[in-house]
Amino acid sequence: MSLREKLYKIIFETDTKAGRNFDIFLLWAILISVVLVMLDSVPSYAIRYKDLFLNLEWILTIIFTIEYLSRIWISPKPIKYIFSFWGLVDLLSIVPTYLSLLISGYHYLLIIRIFRLLRVFRVLKLARFTSETSVLVEALVASSYKISIFLTAVLTIVTFLGTLMYVIEGGETGFTSIPQSIYWAIVTVTTVGYGDMVPNSVLGKFISSFAMIIGYAILAVPTGIVTMEMSKVSGKTKTCIHCNSKNSLNANYCDHCGAKFPED
Amino acid sequence: MSLREKLYKIIFETDTKAGRNFDIFLLWAILISVVLVMLDSVPSYAIRYKDLFLNLEWILTIIFTIEYLSRIWISPKPIKYIFSFWGLVDLLSIVPTYLSLLISGYHYLLIIRIFRLLRVFRVLKLARFTSETSVLVEALVASSYKISIFLTAVLTIVTFLGTLMYVIEGGETGFTSIPQSIYWAIVTVTTVGYGDMVPNSVLGKFISSFAMIIGYAILAVPTGIVTMEMSKVSGKTKTCIHCNSKNSLNANYCDHCGAKFPED
Amino acid sequence: MSLREKLYKIIFETDTKAGRNFDIFLLWAILISVVLVMLDSVPSYAIRYKDLFLNLEWILTIIFTIEYLSRIWISPKPIKYIFSFWGLVDLLSIVPTYLSLLISGYHYLLIIRIFRLLRVFRVLKLARFTSETSVLVEALVASSYKISIFLTAVLTIVTFLGTLMYVIEGGETGFTSIPQSIYWAIVTVTTVGYGDMVPNSVLGKFISSFAMIIGYAILAVPTGIVTMEMSKVSGKTKTCIHCNSKNSLNANYCDHCGAKFPED
Amino acid sequence: MSLREKLYKIIFETDTKAGRNFDIFLLWAILISVVLVMLDSVPSYAIRYKDLFLNLEWILTIIFTIEYLSRIWISPKPIKYIFSFWGLVDLLSIVPTYLSLLISGYHYLLIIRIFRLLRVFRVLKLARFTSETSVLVEALVASSYKISIFLTAVLTIVTFLGTLMYVIEGGETGFTSIPQSIYWAIVTVTTVGYGDMVPNSVLGKFISSFAMIIGYAILAVPTGIVTMEMSKVSGKTKTCIHCNSKNSLNANYCDHCGAKFPED
């Protein structure tokens, strides 16, 4: 087995011990680097631990660079990988650090490194993306059209509500424009309720009480949608061709006669 | 085909290319005009882009006027259309701009133009009002009586809660009257929690803690109602007259024998 | 038919025109009197409309007194009625006004009149307490034990959370005692979030972020309970003794053979 | 029956009158001692009722100590009990009070006594841990993997959202670092909405409006998960070996033929 084949097994497969260890190592490297980006944004930490953060960052960047180059090398179609979603995420994870050598004092570009967090999902996907997740995703996709109708309705409600409150409150306590008032309406209907803008007039309080109770009642709608779709997806069955008994979609063997289902 | 017939096809039907393009054009015109109304309410924008907003407004108003007049012209029953819901919404969308020529300085009347937003629903309805929406609407209608009982209960709870807190807090920190305290109770029970009025006394805090946990538990009720109704509506079936197998209400063909269902 | 019998029909029954009108009249009288109590608590209104409020209050009190005395008179067991729940509510609705003649300047006792609101339910119950409500009530009763387990768990969580935050925040920004911190924990876990007490320390913010996400996830539990119980109650059936087909619990006639079900 | 056997019956069993009374007595002692810890943390009470609190604390500690020693004595395997979960909780409940004699002025260690609250669950478990609870626990366990996927997704969303807002708001109104902004994102997405940090810029308000509506829609997911799992658990059946009819998992007797199910 050549080095390239060995590397392929380690990086892309998880059923060997080395592959599993590599995944765990990578997971920790990603999580540490993300925490680093976060802590580096805290002014007091950024000054006190300047050198520690810089050194760790370079160590992690070099690790990620080696990983990136290895992936290009062992990939059967390197060009395709480079321009794939994960290829671009991998590139984006290392470029800002190198760029910081050339251009100085650009704080915000370094924040792009937060996209490294996405790479956690690639590692997790290889390790244990099971049928559980697909039920979640399938239910969300199945209900996406119903949810978008619901969101359109919510957006229409908050637009009218915001406009109404703009007219009623008339510039007081932050209701200075329609977009501002719509922002208030969204904060209210979603029950977030910051309190940075609150109605002052009696009529304004009456209208917003009404809005809250309405919001309370329609909160039930997306829940109802997702629950229903989830039950549907989870309730789907496939029929065993040997004994005609019904099995869950995720079954590998018929639970009645034990026959193996053909793989998808 | 006369001009009137052509216009009818464009305005009222969506299966021709022209009709579809007209819908998309109208949708954008409506959305732009609504955004215009919003931005015009922001004091700084209203001053800086005064001329741009005025010109755009007149262009859109003229487009909507032409559309309105066309609809009257091609409508088989013009009088019925004019006094229909959509006819009045269409009229309301153009009248404020013309009125602004006659009377000057009436800022708030122009806000009526926000009702143009409603016209989005007419356009969308023609385009893709599918059976998905009807499940939502049917479930809401079916559960409307249960929800109204629930709302009555909630209103009773907040009335007693507000009165109790008015007595306990005794005018402190905003609990100056019963309606004011009921407003607080609604803000609390719906978990909005602005924080503009908060209990100060120990007893007040105890009562409101109790109210929050109760609110937390009864939040479950409307959700349960809507979910149940949605499952019911979605679980309704019709029986194929050829093979007696059950099909979902939205099926056009029997999924067992392929026979076509008669249209509703 | 004697006057007493006539009155009985009007007050206790709703299938005559007079009975129905009496109910509607009473409903309005109750609602007006409750609104009156509310408005009377607003200082500015209480001064401006002093005489109007006083006159209206006496008119309504006299109406309710006549109704109360009539109920005693026509009741087959007057003593039982007087000490029944509704009898006491009726008494409580009129006593404060008469007491205000004897003792002056006791503002808060008058607020007891808010209990008149309860009488709305008696009127509504006679009019349209249908099977819909019983599904709601039955589901709540059936799930009451599960909900009480859930509430015990929530109370335990907020106690530990509050104690933890009291130790962490150490008296700062309102976390001055354990009960105070438990109040904060309840405000947070129920997602009310007034903002009158917020964590200041880094550790405090971390713990409360954790608490919010936990609260977010367990918000699902009571909803799941109520939805499940509601489906169960709503799914219960009774079997027709003539044709053995299943009918919903609320059915009066078998939907298959049309046989009447015996009344409960 | 020896004293040890008698004590065993009283402490560990609930079917005798003495055992039941012991449980109720213990429950009250625990609740009182927890309330004591809470009230002792309120500065004004701690000063005013110093002696009362101290005396009560010692009485309760001595009761708990006797209980602890009795449990060790009557336990068939004393060492195992001492190092079991409940043994450690019992020890932790009495140690702080004795330690306070040796070391003075350590306020916070005394708060460990709040762990006595856990002992309520042991008492309640003996008394009425029924199948109801197991449905709740089983549903939570069954859905724990789905919920952890959901939480991972939520954590990813709030990380990106917080980072984005940190860049947009740029240090204003509290968005001073990424962890701080993530805290804000959690407060917002969970709809807690303290209002201690609110977006100030137009873009920031737009992004957070978006975040709230997204949060509103995904609030539905954990509810859907738990409801579905609860229905599954509650819908599980076991089959009677005598008549083949299906019974609920909690049934002790077949509801069709009355045969007793074998105990688990």
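Per-chain residue numbering starts at 1, and chain names A, B, C and D are given in the order in which the chains are listed.
In the analysis below, a residue touches a chain if its C-beta (ideal position, glycine included) is under 8 Å from a C-beta of that chain, and two chains touch if they have at least 3 such contacts.
These numbers were taken from a predicted model, which means no experiment stands behind them.
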Query raised in the report: Upon optimal superposition of subunit C on subunit D over Cα atoms, what rotation angle is obtained, reported to the nearest 5 degrees?
Result: 90
**Report entry** Same or different contact residues where subunit B meets its copy subunit A, judged by the half mark
**Finding:** different
Report summary line: Interface repeat test, A-D vs A-C, C-D or B-D, passes over-half contact pair overlap for C-D
Query raised in the report: Which whole number of Å gives the spacing of the CA centres of subunit B and subunit C?
Result: 29
Query raised in the report: In whole angstrom, what separates the CA-based centres of subunit A and subunit C?
Result: 42
Query - Where subunit A touches two or more other chains at once, by residue number - result: 150, 179-180, 182, 191-195, 219, 223-225, 227, 231
Requested in this report: Spell out the residues on subunit A that touch subunit C in their complex, using ranges where they run on.
Outcome: 191-195, 223, 227
**Report entry** subunit B-facing residues of subunit A, complex
**Finding:** 145-146, 149-150, 152, 156, 159-160, 163, 166-167, 176-180, 182, 188, 191-195, 198, 202, 205-206, 209, 212-213, 215-217, 219-221, 223-225, 227-228, 231-232
Query - Parts of subunit A lying in touch with subunit D, wherever the complex brings them together - result: 34, 37-39, 41-43, 108, 111, 114, 117-118, 120-121, 124, 130, 132-133, 135-136, 139-140, 147, 150-151, 154-155, 179-180, 182-183, 186-187, 190-196, 219, 222-227, 229-231, 234
